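Read through the structures below before going on.
Each of the next two complexes has chain A plus one more chain, namely chain B in the first and chain C in the second.
Coming up: the complex of A and B.
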């Protein structure tokens, strides 16, 4: 089976780097730099995160994008040759939904690949659940999955869904 | 003198030392412009941080030690990003006929000075 390249995108602080660190079976290639603006965390990704993971026999390459809009040129660089997209958004930060939706539209219009929307921080209520977030994004319910990016069993959920959708499409 | 003025002063000196440079951008390692003479500084600053961040990781992974600079060479010129302490990057662009050795010589020493101020 051919390895499958999946891009992990989303606004700053959505949990993209955490997600890849949680799931990767190989040493993660990260590119953190000290954050010089207030973004609620110490460091931020400036180029990419990279990790690998097996789901059954299927090998996945996970490529995480930087979150800030100023790194938008990396979205296209990393989406080249991708076969799936996982868009992460913080479930406890609805003010990010607008930018996440624009990002989802941007990437899927330029790289029309199957996607899943992952709603993070499901372990930290109050938090929007996937069934509440789906109508906001105007995407079918089956494409929206809740997760906790720090818990491997929970984090793998959206990737399993993405594979299921790819088999169907 | 404020930190900003001090950095501006160093930038002016670097321009005088290397008049062939097309643009100079000093940015934070997370890609925000600090001082510059470039029209599209926000974009250049972000790209410089990306090039440096990825360069650092490549340098570590392939046992090259700590990163000093990342060079992009096109058929019409150079874009070179110098590590500037822990917090900064210095990005310069120069035409293809520029003397890269001279640029390195000057830019590395200016990067060290900028690092002290940052």
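Coming up: the complex of A and C.
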């Protein structure tokens, strides 16, 4: 059976690498490098993060995209033929919502890929909740899920929602 | 002398201001009459209101160039008489550029495809000029890059206008569709869902998120 892939995208610092490390059953391959500009953290993903999940006899790849614009060619490379897209955005950093919407709009207008928006850091209030974030992105409420990317049972929520929506459509 | 100093000074006179030796534009000619900018030529062709705004914006941002004022000169052909009071036009263009600088990191990607969500001409004249020319293309979905090419304006200006229309709810990103792929995905999702829940929540456990 051919492996399937889910793309995890979002602005710098949204929690993509953490999310993949939390869910992956294998050691995550990352491509972190020292940040060459001020992005609020020391290292950042420059090519992709890569983790795996075996679900029954199906292998699922989790690919994390780099958050910075100058690696935007990777968004297309990774989104091509993906099963779904999980767009992560930090709930305590509304100044990033604009760049997250920009990324979501770009990928979903070019690739016919189902998506769910995950709002991270729900365990660290004060934080924007999914119901508050959905109108900004102009997406239906059911496509927005809150999560704590460090907790496996919480982190898996957006992936479950994504699959549920795909089955229901 | 900057253009926003020069324009009010010359616009009280009737005539043509020719600007040349510009880095990003061919020769531009601005025709004034009674304190109003009536016509803009790019090279030897008149431009419409939308393009005229882009040209003025580019001129204000151009650091270098040469100019010559020709008193009494009038445009031979001017299909769209602009009639813009120079002071208001300068405020409008400068405001647009200030806004542009504020949102530059949030502008849509040049290749993101946008579609109309409802048809209502925006009140803001800067947006309504763009709207008049763009809405036909937006009905079927188009990117800033393609729109800029069709309307003869810089891509970044098209991105700015699309962001503004998106903020007003007048356009939204078009979501790509592919029916055969959707069928394949639905089948895969149905297979994966049960295994995923079982793995993270155990057999038969309650699920709530």
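We take it that the second predicted complex is superposed on the first by the 160 of 169 C-alpha atoms of A that agree within 3 Å, B and C clash if a C-alpha of one lies under 4 Å from a C-alpha of the other, contacts with A are read in each partner's own complex, and residues count from 1 in each chain.
To be clear about the criterion, a contact is a pair of C-beta atoms (placed from the backbone, for glycine too) under 8 Å apart; a residue touches a chain by one contact, two chains touch by 3 or more.
It should be emphasised that the depicted structure is a prediction, and the values quoted were computed from it without experimental measurement.
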| item | value |
| --- | --- |
| First, second, both or neither for A:48, with chain B first and chain C second | first |
| Touching partner for A:73 - first (chain B), second (chain C), both, neither | first |
| First, second, both or neither for A:151, with chain B first and chain C second | neither |
| Which of chain B and chain C A:131 touches, first, second, both or neither | neither |
| Contacts of A:111 with chain B and chain C, given as first, second, both or neither | second |
| Which of chain B and chain C A:142 touches, first, second, both or neither | neither |
| Touched partner set for A:160, first chain B, second chain C, both or neither | second |
| Residues of chain A that touch chain B when the two form their complex | 29-37, 44, 46-48, 66, 68, 70-71, 73-74 |
| Complex contacts: residues of chain C adjacent to chain A | 103, 105-109, 111-114, 141, 143, 166, 169, 172-178, 181-182, 185-186, 188-193, 195-197, 199-201, 207, 209 |
| Contacting residues of chain B [partner chain A, same complex] | 28-32, 42-43, 45-47, 49-54, 56-57, 61, 86-87 |
| Contacting residues of chain A [partner chain C, same complex] | 4, 53, 55-56, 58, 60, 72, 83-84, 98-99, 101-102, 104-106, 108-114, 138, 145, 152-153, 156-157, 159-164, 166-167, 169 |
